[in-house]
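Below, chain A partners chain B and then partners chain C, in two separate complexes.
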Partner chain A sequence: MRRLAGALGPPMAVVGAVLLGWQLGVWSLRPPPYLVPGPVDITRAFLSDAPRLLAAMGRTGLAAAAGFGLAALAGSALGSLLAASRFLQRGVYPLASLLQMVPLVALAPLLVIWFGYGGRATVASACIVALFPVLASTLDGLRSVDPGLKEMFALYRARRAARFWKLGLPSAAPSIFTGLRVAAGLSVIGAVVGEFVSGFGGEHAPLGIVILAALRESRTDLVFAAVGLSAVVGFLLFGVVSSLAWLALRNWHPSAL
Partner chain B sequence: MHRLASAAIPMAMHGAPCGEPLGPRTREPCSTAATRTSGRGRGVGLKLLGVKKGFAGLPALEEITLELAPAAFVAVVGPSGCGKTTLLRMAGGLEQPEAGRVVIGEPARVSFCFQEARLLPWRTALDNVALPLELGGIGRGERRERARAALERVQLGDRVDARPAALSGGMRMRVALARALVTEPSLLLLDEPFGALDEVTRQELDDELLELWQVSGMTALLVTHSIAEAVYLAEEVVVLSRGPGRVVMRREISLPVRGPDARSTRSFQEHVVVLQKALAAGAGRRG
Partner chain C sequence: MTSIRLLLVLGSVPFFALSVRAGEPDRVRIQLDWVPEPEFGGIYAAQARGEFRKENLEVEVLKGSAGVATPQLVANGQVEFGIVAAEQLLAVRERGGALVAVYAVFQKNPLSLMVHAENPAHTLEEVWRGKGPVAVEPGQAFVRFLSTRYGGTPRLVPYQGALATFEADPTLAQQCYASAEPVELERRGQKVKVFPVADSGFDPYNGVVAVNGRYLAEHGDLVHRFVLALRRGWQAYLAEPTAFDPGIAALNPAMSREAMDLAAVKQQPFIESDFTRRHGLGTMDPKRWAELGRQLKDLGALKDEPDAAKVFTNP
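Take a look at the complex of A and B:
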């Protein structure tokens, strides 16, 4: 409990100070509310529409989590495959890194063509941005296994499967978790961008559509509220990954000790 | 390609097992002078016949012939870069000689102990020691039991659940030693295993290694750059010259006593001095 307070205290204090300064600035400078609303306005906008906003957050969060989960599975599996074959590594890895370089916004319309409007395109969009960091970190982790340990496994005539499960994967775990942390944040970006292009308005609108609709009505306070909620989604996913990393590494890895 | 397993070499068994049973921290020196005391007699012969090896076109080891009788303890000393580690790796099949061959008697159960402990940091000491058994397909119950026994043999019976990060350098080497011994090797290859430890810990581990060798009756080949360690542990010391390594001296070590008391004997000092001269002479000559 004290550790939790120690971890959360400093960032909370900084956030509190920023919000306070912001509100004081808004009160004293009085910018038009469609340009810069203050935290109080944003909170009011959130509270006036809380059920709809929270539902939107839930939908976006679910899509981001699904895309992230798929990316985690596919990325680590693909990374492991590439690590096992030099040919695949040379052939596939440069192409996979292209995925990282093509702007997602440019790709999103294609996803609509393939997956139609709605949730599936959003999940695909989240998955695509989250895939590469997981793949790259898995490959990197598996390629950096201590050569001394590898030699030892060879001496013990370990089979390929044993070398992977008992040496490769645990050695790569810290690196994979770093990739997953990056991917967690990216998947939320991917989901919201996907929603911009493929989302529905109306009762079941996700955060991306809430943002677009509020923009059209010049409801900047609502935009801020929705942006804040998408950040919460990112934090939650990041938190889940960090907890899993801690559980997996706490006994031995310096990053978790 | 050059590795042949010869037919079983019959084992000479003389003398009662020395120092057995091995309780915790017992330091019962074996008093028989330089006898090859063997316990269960599982050691096998090892022959390196004219092995040669180079790297990147440069010779690292010139033709070297080395013969170890079953249950022998031989140490190879030499300056850095004389190819002694390469020699050991060829003996264990980790590298192939360019010429010559390596013959190991049956059953050839070879264990390595490296300079670094090479432990899996995510595993407890017990699971690290059990690893070779696990990879060899031995059931969980049996391998844990044997790993526990091996850890007890190296005085770590109370640290079975500790992970490497929680152990000192000396303890980590003990775990590595236990892992090398858990398969009951017939041949133990040691590549400067305690080189990174402080002097006191190193001597402690040398004492333990000596006892373990005496009790088990395995054959041991040690590579080290410490002459004192070589004289303390081995029955025969081979001195290599600076690279490309050649044998500049072979010396039988006969001590009036074996064990910790040996270090203070006059004959121990004499061996050290003679070998030091040979090592210095070999280190001076290049090429």
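Take a look at the complex of A and C:
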């Protein structure tokens, strides 16, 4: 409990101070609500439409989690494959790095044509942006295994599978978890951008559509509320990855001790 | 000698006034809410014919795109003029943005839903209650209106401003301007059916030129000159659109010049009406603004009915 309070205390204090300063600024400078709403206005907008916003958050959260899960599986598998072959590494890695250079906003309309409207295009969008960090961190981790340990495994004539599962993967785990943490946040961005072009409107609207509709209606308070909820989704995914990292590394790696 | 000096001084006053008026022009910017198309033909015609220059104005036209926040840009003073929809103007006003309408291009709203020719729907209601998805810009007020008027829960998907998704899905109904996208599609050999939303009873002004209220109070004369030049531009464009379409087509390669020529003809009945023939192009009727305010209040899009007299002026 003490440890949890110690971890949450500083960020909560900073967030509280920022919100207080923001609200005081709004009270004293009185900008029009369409321009900059205060935290009180944003909270009011959230409370007046909470069931719809929470349902939207659930839809976006599911799409982001699915996209992240796919990216985690595909990224770590592909990274492992590339680490095993210099030829594949040289041939595929530059192409894979294109994933982070292609502007997702330009690609997103094509995803609708390929996958149709709704969840599949959103999941694909989340997966595309989350894939590269996982792939790169997996590859980096597997290439950075201690040469002394490698020699020892070779000396004992360990098989390829044993070298991967007992040496490569544990050594690369801290690096892979770092990539997964980055990917967790990116997957939410990917999901929201995907929803901009593929999300259903009306009663089934996810956060991306809520944001677009609120922008057109000049409901800046609602935009901030929806953006805040998408950040909550990102924090939740980040928290899950961090918990898994702690469980996996707590007994031996300095980053989790 | 003194009287001669006095005569010289008095005689120079008109020249001085002229030199001020003909000197440095007033520089203003107008933010469009979409890419250059015939729906902005009057603005480009006024530029090409030097109508703005005649009013001592130098006007920079800023191209728009899907989702550009024109009302907020004008309300926040980032640009002097902007093209907005009437319901957007009322929404920003309710949230503290001092927008005022000074000219309305479209007296009948050309915003429509289009479907492929083979779609079985024969009316707007049948499109709305049909089985296919409906692509609309999220937050469009007409969605609330049609949902209330016709009921049903269509599968709403986001409108992206492109024709590719419409062409790829034969079941899709998509938001459009009656005078724009259907023309381009028909030119490509695709037949479509078009249902104007205005026919349902929801007909806000569109292509509304908005200014910031403070700017209007401080630069009333400039706004008046802008509207005069714009009206002459629209008169010239409506009389001979083909003279100006090549210039607009050069700014927007996605729409062919032929499609622009056709669109210009199709949009004419949306721009000219008995009211504009009596009062002049772009002139607005307070009853229309009051009606829109009532409709938006009833739909829950506005908390309070706005004072129609304050939201617009016919300079």
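Heads up, the rule we're going with is that the second predicted complex is superposed on the first by the 257 of 257 C-alpha atoms of A that agree within 3 Å, B and C clash if a C-alpha of one lies under 4 Å from a C-alpha of the other, contacts with A are read in each partner's own complex, and residues count from 1 in each chain.
Heads up, the rule we're going with is that a residue touches a chain if its C-beta (ideal position, glycine included) is under 8 Å from a C-beta of that chain, and two chains touch if they have at least 3 such contacts.
Computed from a predicted structure; not experimentally measured.
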| query | Are chain B and chain C a fit on chain A, or do they clash, once the structures share the same frame? | reply | fit
| request: Considering only touches as defined above, state whether A:22 meets chain B (first), chain C (second), both or neither. | output: neither
| message | Looking at A:212 after the superposition, I want to know if it touches chain B, chain C, both of them or none. Which is it: first, second, both, neither? | response | second
| request: Examine A:164 and indicate which partner it touches, taking first as chain B and second as chain C; both and neither are also allowed. | output: neither
| request: May I ask you to decide whether A:155 touches chain B, chain C, both, or neither, giving the answer as first, second, both or neither? | output: first
| task | State whether A:251 touches chain B only (first), chain C only (second), both chains, or neither. | result | first
| message | After superposing on the shared chain, does chain C or chain B touch more chain A residues? | response | C
| request: Determine, under the contact definition given at the top, whether A:220 touches first (chain B), second (chain C), both, or neither. | output: second
| First, second, both or neither for A:199, with chain B first and chain C second | second
| task | After the superposition, pull out the minimum Cα separation from chain B to chain C in whole angstrom, please. | result | 50
| query | Which residues of chain B touch chain A in the complex? | reply | 92, 94, 112, 114, 116, 118, 120-122, 131-132, 134-136, 163-165
| chain C touches which residues of chain A in the complex? | 32-35, 109, 112-113, 117, 196-203, 205, 209, 212-220
| Which chain A residues qualify as touching chain B in the complex? | 146, 148-149, 151-153, 155-159, 162, 166-167, 170, 173, 251-254, 257
| remark: Listed in rising order, chain C residues that touch chain A in their complex are 67, 69, 71-72, 75-76, 88, 91-92, 94-97, 133, 136-140, 143, 147, 153-158, 160, 162, 164-165, 168, 301
